[in-house]
Every structure is written in structure tokens, then in C-alpha cells.
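Both of the next two complexes hold chain A, though its partner changes from chain B to chain C.
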Partner chain A sequence: MTNTYKNVYIENTATIAGIYEHEGPLAKYFDKTYTKDLYFGEKSWEKAEIKLLKDTISLILDKTNKKDSDVNLIISGDLQNQIASSDYAIREFDIPFLGIYNACATSSEAMIIGATFIENKSAKNCIVSTVSHNTSAEKQYRNPTEYGTPKPETATFTTTGGAALLLTNKRTKISITASTVGKIIDKGVKDVNHMGAVMAPAAADTIYKHLKDLDRNPDYYDLIITGDLGEYGKKILVNYLKKVYKLDISKNYDDCGTMIYNTKKQAVLAGGSGPSCSALTLCSYILKEMQEGRLKKVLYVPTGALFSPTMYFQKESLPAIAHAVSLEVAE
Partner chain B sequence: MVIIMSDEQYQKFIKKYTPKPKKLINAITTFVAGGLVGLSSEILLELYEFWFNLPRKESGVLVILTLIVIASILTALGVFDICVTKLKSALIIPITGFAHSITSAALEYRTEGLVLGIGANIFKLAGTVILYGTVAVYIFGIIRLLIIGG
Partner chain C sequence: MTNTYKNVYIENTATIAGIYEHEGPLAKYFDKTYTKDLYFGEKSWEKAEIKLLKDTISLILDKTNKKDSDVNLIISGDLQNQIASSDYAIREFDIPFLGIYNACATSSEAMIIGATFIENKSAKNCIVSTVSHNTSAEKQYRNPTEYGTPKPETATFTTTGGAALLLTNKRTKISITASTVGKIIDKGVKDVNHMGAVMAPAAADTIYKHLKDLDRNPDYYDLIITGDLGEYGKKILVNYLKKVYKLDISKNYDDCGTMIYNTKKQAVLAGGSGPSCSALTLCSYILKEMQEGRLKKVLYVPTGALFSPTMYFQKESLPAIAHAVSLEVAE
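On to the complex of A and B.
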């Protein structure tokens, strides 16, 4: 399902990242980084994640000089059970809230819902936000954080960070012009340490549908970015698109998981993952490049593995999803 | 226009772009590093026998305790998981891995309190080993009893 928008703009963004992202190549683009440890002065990983989101939302309100009452709606999601980080962070704000979950594709789902509200004039503005935290995600999905197991090279590393965008109906330099809601794709992969292979077909399907629905070629965009496929998932996507859909994106394609970290120097295996991996990259580096005119048209395609540890133990394969959002510098 | 790729074809397709696990290097690393753990335990065993004038069996218990204490302290200091990344399964297979799984679970769930946190979760990883270890001991104990009479 592809929709186009005429009146949806990005007013501002806020990003706060952790220590590993601070050591990565995008460090200078983040608004703030918390580099002492991953607790941020809190007593648990979960509380640290809540603080991260709370601070990110406060930061975007500060940056745009807005009070709670000036914002119509906030849409947010994260990786915790019951999306606890969003729930507990946003209880501090006096703003209507929609909580969503699409794993690492949460940011684009939020942008699509927000853009629809604004386009339909149901809201004048809307904050979309997401957060993830390396150690709270480890605890949620894998083993205790201090527990070490040998991991394959295809595994990814959850990004620590909070990212928020303020969408508005007032004209600014960058607009959201179209979106494509993706389908759940499950190619029968059961390897939780190879999420790139799990999610690549979902990204491919969404990119193909988006281009087909709008009758565009891949080179319409200066850059197509996926969320967190990692080094190996990237190669799978490029070749899969070529083989199955006869689309060549090799010239203008990159993946946030490999942009946010230096995968050769940092101990992150195949790259970053988590909802904040793509959102941090978009809200810091990509939008800055668009502001300064180096990129004009960007297709943002975060990818999410919609897997539940319980269903994984019950031997189910891993479902994946990707939603596309087209961003353009307004003429 | 669009080619349909079945799930089986896709599994084959991704293999081309997936690095093969370095089984041989991992096995050698594990063999050497794990062997060193065994060697140092053996030295410790002899030393305990010599220092404290203990029978071999009791000295063995002291060696196990020493390994458990070292593994637990290294886990708490955040060093053990880094060592596992480098030395692969060498530290996971011996008793050090067992201690590590219990300490790391205790550290992780202390934020949920003594009863519902540490109490309920401390054997999250080690529970499997304890359960099936106990079952195996019974089975092999019975077999031993039947074959060689105890």
C-alpha cells in the first residue's frame, strides 16, 4: 500500500546516543551522547532506556521551543515487553500517545501513522520517536548481559540511543512525500544470529512495491537506506533484488547498521540493529546531508524482525517486515 | 517478471553470502585454551595436595571451588564474556562456564529483587545442566551398578 503526501514536513529532530555509537563514524552528528556507562545514572538497564527516551523527547521540545500542549500527538515504540520504555517515558508528558511495535521498523511505522494524521488534517504536528538500549535488548531477547557465548559473524549489535522527529504541516526544507506499508515476509529462515537474511526479502518486497506503485526507478533516489541488515544482509538484499525483481540498487544503496558503526574496527560483528539504529542514522547524518543539499531524495526503509523468543523456542521461523518512507528536499 | 524464489531456494541463495563459521580455528582455540585451563587445574590439584596435605579427592573439590570463585569474580568484573568471545568454548565447557552462567543471571536479575529476581532466575541457564546432569547421574549410576556392581 503506497500513499503520497503533500503537506507533511520534518520540523526538527533530536538524537541521544550511547558510548558505542559515540565511538562510531556518526558521533559528530548526534545532539548528545552519554558516554560514562550504559546506566545513565539509573539503577537498571530498563530504567536507563526509559531515561534515554524521556531525555530525547524533552530535547526535541527544547529544540523546537514547544510546550507539551503545543504537540498534538506522540507516536512511539521500542523493543521491551509491552513497549514499556515508551509507556513509562511518555507518562511524564502531557501529550496524547499512540504506542506501536514493529521491532526495528518502528520508526517508519510511526512516521507513516504520523504523516497520515497530518495529511488528513487530524493533527497539526506530531512527535514520532523510538528508543533501544544494547543491554536491555540483550536481557529481553537473548541471555543475561554478562553471559558470554561465541557468536557468528552474521550476528548484529543492538544500538543504544533515542531518536525523535517532529512532523508538522508547516512548510520546512524536508518533506515526507510518500510511504509504502510493507507485508510480513517469512522465507523460513530460523537463524536468530542472521537477521540480515531474515529481513532482506521484506526490504526487497517493500522497495519493489514502492518503486512500482509510484512508477519510479531506483535511481530516482540519491540514496536508498535500509535499517539494520548488516554487512551480509546488505549483500543478500542487493543480489536478491537483482535476481528476483531485476532491480539494481548497488550504486545508491547503504544500510544504517553498517553506517552507524565502523564494522571493521568496532566489536559489533555484522553491524548495528534495533529500532534506534536506523532512526539515529536518519535523524542525525541523513537529514543533515539533506539540510545541506548533498542529498535530495532519500528512500528510508527500516527493517524489522517480528520475532518472539517464545515462538522461536517453539521452532517457528522468523517473520520480517519493512516500511518505506520517501523523503525529499522541498523545491 | 518477478521470479518466485521458494523458501528452500532462498536458504541456498543466502548461503553464498554468508561467511562459513571458522570451525577448525575455533576448535583449535578451544582445544588449546581449554587444555590450559585443565593443565592449570592439574597443577593446582598437586599444589593443594602438597600445601594442605590433603587427599586427592578433597584437593579436587578445592580446585573446583577455586575455578568457580575466579570465574564468578571475572564475570562480575565484566571480563569473562570478553574472554569467551576470544577463547570460544574453552571457558564455557569446564566448571567455569557453569559458574559464569549462574553469576551472570544473578547479576542481571538483581534489579527485580532477591525473591522474584535473583531467586527465580539464577538457574535460568544452569537449570538445564542441573536437571539433566542429575538425571544422567542416576541413569549411568544404575548402569554401572548393573554391570560392575557399584
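On to the complex of A and C.
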């Protein structure tokens, strides 16, 4: 489902990242980094993740000079069961809340819902946010990191970070001009250590529909970025789009999972993942490039694996989804 | 955040319930009931819950004579970690999907997002759905029922059922005329066996804001219904609204948790809970009463406890939320 918008803008963003992201190539673009350890002064990883999101939301309020009561709506989601990080962080704010879950496609889902509220004049502004934390995600989805479970090189590494955008109906330099809500695609892959293979077909389906619905070619965009396919998933996507949809995105395509880390030097295997992987990359480097005019049209396509450990243990394959958001520098 | 709508209607609903709901007072209003056991022919409770939602969505498509491609969007959430029931049920349909999580306030959150897409003409129609399953919820949130853990009488009983509505921009008898998105309220209650106490203040806050924002008195509505406060939470809400907000809803108020079961005869303690508790009650009995003109204006206020077992074990209190949807019979 593709829609266009005329009155939705990005007022500002806030990003806070952890140690591994601080060691990566985008370090200088983050507003803040917490580099002492992964606890951030809290007693558990889950509470550290909550703190990360709380601090990120406080930061976007500070950066936009807003009080809670100035914000109409907050839309947020994360990887914790019951999206606990969003629930427990946002209880600290006096802002109406809609919780969402689409795994690592959270940020684009939130932006699409927020854009629709603003375009419909149901909200004048809206914070969209997400968070993920490497060790709390490992503990919940795989094994506690202390186990030292080995992983294949197709596995990705959950980013630690919080990211928030303030969407507004007031004209700014960067607008959300269109979006495509994706469908769940499940090609039967059961390998939880190869999320790139799980999610690439969903990204392909959404990119294809987006371009088709708006009658655009891939080169309409200066850059098409997926969320967290990683080094292997990235190649699968390019080949898959070429073979199945006759679309060549190889010239203007990249993946946030391979941009946020130096996959050759850092111990992150195929690259970053988690909802903050794409959101941190967008809200720091990409939007800076747009602000400064080096990128004018970007298609942002976070990808999410909608699997649950429970269903995985019951031998089910892994469903995936991707939602696309078109960002443009105002003429 | 309160909004009004001019072009959002309910085309039809679908409801499928389980054994305990079949033994309750609303049995005759459900489209279908699965009464053999709680497995529905599946190998696990989680897969039974997935089947329940899949069948409910198929039923709404059948009842509205629609194919997948006729539906613009589906918005769904449930209680399973990673909203797995929605993810795995909806992968069977070729419909763009937005996943949400607000626990037992899921159905009103979905209706509000869906209404906004329709009002903005981003979608012509939209399925909103939810599901819950007694034993899969017990297993995940508390203890497997086989343990026979005793519970206090303030505890509620998760309903087994799937419910879906088809929202549309085409005029029908019942319209969604307004909504209020709630804030997270946490009064420090830590008792997971007294969700009524956890959620009543959130319901109060949302009902108060809704009436204030639209300059209405409680008697504007023929009926105000909360989601799943149960026998005890219901009383807390009425008293709380009277004391704190000087609002008397006692004459036209009820709670779906006490409507879906006969709490005096059935072994359900304080009443029903789970996102399907309110959604089943709305989509069967309430909308039937509206169709037949016995109720003309209803304020539907599902309530959700946004706690996670992980945070509960880390000694955190239980946050709650409530979103209100105003339903009216067209003049």
C-alpha cells in the first residue's frame, strides 16, 4: 500500500549509541555515545535499554525545545517482549502513546503511522522512536552472550542505540513524501543466523511495489537503503531484485547493517541488526547528508524478521516484512 | 489526543470464541465457537491461537465477500511475544500489515490507526484484528495451567477468541466518530493478579480526557464500556472517576470482562481479560445492539497492562494504558 504526503516534515532527530557503534564509521554523527559498558549505570541489560530510550526521548525534546505537553503523540517499538523498553521508557513521559511491533522494521512503521496522523491533521507533531541493545536482544532471542555460543559469518550483531525523530506539519528542509506498507513474506527459511536471507525477499517485494506504484525507476533515488540485511543479505537482495523483478539497484544501494560497522575490522560478522541499526544510521549520517545537500532523495527500507523464539522452537520458518519511506530534500 | 472522524464506518465483524466464552452469556452472538478443546486440531496452544486468528480473518473476508487484494491494510496485535499470533496468521494473507502492541488495549489502538488511514484517504478499507488464547497466555505470562497455581479472586481469566472488524470509507449504519489515544499511567501497583487495579487509573484518565476534549458529559453515551477491568477494577474505576475527576459514570457503564462471562457461575474469578475479551464483546453483542438500535452511542475503552514478565521479575511496577473509540449509529 503506497501513499504520498504533502505536509510531513522531519524537525529534528536524536541518537544515542553504545560502544561498538562508537568504534564504527558513523561515530562522529551520533549525538551521544555511552561507552563505559553496556549497563549505563543500570542493574540489568533490559533496564539499560529502557534508559537508552528514555534518554533518547529526553534528548529529542531538548533538541527541539519542547515539553511533553507540546508533543501530540509518540509511536515506539523495540525488540523486547511486550515492547517493554518502549512501555517502561515512555511511562516517564506525559505523551499519548501507540506501541508497535514489526521487529527491525519498527522505525519505518512508526514513521508511516506518524506521517498519516500528521497528514490527516490528527496530530501536529509526533515523536517516533525505537531502541535496541546488543546483550538484552541476544539473551532474549538466542543465548546469553556469556555462553560464548559460536555463530556463522552470516549472523548479524544487534546494535545498541536509541533513535528518535520529531515529525511535524511545519515546513523543514526534509520531508516524508511517500511510503509503502509491506506484506509479510515467508520463503521458508529457518536459519536464525541468516536474517539477511530471511528478509531480502520482503525488502525486494516492498521496493518493487513502491517503485511500481509511484511509476519510478530505482535511479529516482540518490540512495536506496535497507535496514539490516548485512553483507550476505545485501547481495541476495541485489540479485533477487534483478532476477525476479528485473530491477537493478546496484548503483545506488546500501544497507545500514554494513554502514554502521566496519564489517572487515569489527567483530560483528555480517553487520548490524536490530531496529536501532537502521534508525541510528538514518537519524545520524543519512539525514546529515540530506541536510547538507549531498543526498536529495532517499528511499529508507528497514527490514524486520517477524519470528518468535517460541515458534522457531516449534519448527516454524521465519516470516519477514519491510516498509519503505521516501525522504526528500525540499526544493 | 482526541480526534474526530467523518468518513469511517464499520462494514462488518467476525468473531470466533472458545469453550468458556461459549458457556458465557454472549455465546449466541459469536459467529463461531470452537468447543471441542483448546487445541483446535493444532499441536500447541500457540499454534491454536494462530489458527484462531487466521480463521477469524478468513471469516471477515468471507462475510464481506472480499479477496485479499480487495483489502488495503491489516492492523493486528496480540499477547504473544513478538505478536507471533498476528505475524504467523497474517503471513497467510497477501495484505499489507502493520503490527501493534498495547496488550489488551490492542483493538482500540488498531481501530484508531485504521480510522486515521481511512479518514486521510490513505486506505479505503482496513481489517483490524486481535486474538488471545487462555492457556498460551497463562503459559507465557504466569505459569502453565497444569501447575494448578491458585489465584486470588481479583485475578482475571484470559478469553480465548479472535475478533476482526472491517473498517471502510463507505457509509454503513455504524460509524467511528471520535477517538482518544491514552497515555501510559503507572500508579506503582505490582500485583499481577489484580490487573483491574493496575488499569483503572489509565481508563479513568482516558475517559476524562475524551469527555473533556469533546466537551461531553458521560450521559452523551448510552454506554461506556471498558475492556477487562473485571468485577473489582470496575468498582475502582467508578469510584476513582467520581473522586478524582468528579465524573459519575455509574448509570451507563459496564466492563467487557464482566459481560463476556457469568462471573458468579463460571470459574473465571473477577472476569475476562486479554485483547479478545473486549474485541469479542464489541464485535458480537455491542454492535448487534447498535445495529438493532437499542444502543446508539457507545464509548469503547479497552484497557491494557503494559507489563512484561521480565520487568516484573526485576521488581518493576505495572504500567497501563487505555484508548477510547466513540461509535455511533448514523442518524
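By definition in this document, the second predicted complex is superposed on the first by the 331 of 331 C-alpha atoms of A that agree within 3 Å, B and C clash if a C-alpha of one lies under 4 Å from a C-alpha of the other, contacts with A are read in each partner's own complex, and residues count from 1 in each chain.
In this section, a residue touches a chain if its C-beta (ideal position, glycine included) is under 8 Å from a C-beta of that chain, and two chains touch if they have at least 3 such contacts.
Everything numeric in this text was worked out from a predicted model, so none of it was measured.
Peer 1: If you count the residues of chain A that each partner touches, which comes out higher, chain B or chain C?
Peer 2: C
Peer 1: Check the residue A:292 against both partner chains and state whether it touches chain B (first), chain C (second), both, or neither.
Peer 2: A:292 sits against neither chain B nor chain C.
Peer 1: Just chain B (first), just chain C (second), both, or neither: which does A:219 touch?
Peer 2: Neither partner.
Peer 1: So, does A:102 touch the first partner chain B, the second partner chain C, both, or neither?
Peer 2: After superposition on chain A, A:102 lies in contact with chain C alone.
Peer 1: Based on the superposed arrangement, let me know which partner A:62 touches: chain B (first), chain C (second), both, or neither?
Peer 2: Neither partner.
Peer 1: In the overlay, answer first, second, both or neither for which of chain B and chain C A:113 touches.
Peer 2: Touch status of A:113: second partner only.
Peer 1: Between chain B and chain C, whom does A:309 touch in the aligned arrangement: first, second, both, or neither?
Peer 2: Second partner only.
Peer 1: Taking the superposition on A as described, I'd like to know which of chain B and chain C A:37 touches: first, second, both or neither.
Peer 2: The answer is neither, since A:37 touches no partner chain.
Peer 1: Contact-wise, after the overlay, does A:70 reach chain B, chain C, both or neither (first, second, both, neither)?
Peer 2: Neither partner.
Peer 1: Show me the chain A residues, by the header's touch rule, that chain B contacts in one structure and chain C contacts in the other.
Peer 2: 43-44, 46
Peer 1: Of all residues in chain B, which touch chain A in the complex?
Peer 2: For chain B paired with chain A, touching residues are 1-5, 7-8, 10-11, 13-14, 16-19, 21, 26, 75-76, 78, 80-85, 88-89, 91-92, 100-101, 103-105, 107-109, 111, 124-125.
Peer 1: Where on chain C does chain A make contact in their complex?
Peer 2: Of all residues in chain C, those touching chain A are 1, 3, 43-44, 46-47, 72-73, 77, 80-84, 87-88, 90-91, 94-103, 109, 112-113, 116-117, 119-120, 122-123, 181-186, 306-311, 314, 316, 319, 321.
Peer 1: Tell me, which parts of chain A touch chain B in their complex?
Peer 2: 43-46, 139, 143-154, 187-189, 194, 197, 200-201, 208, 232, 235-236, 239-240, 243-246, 267
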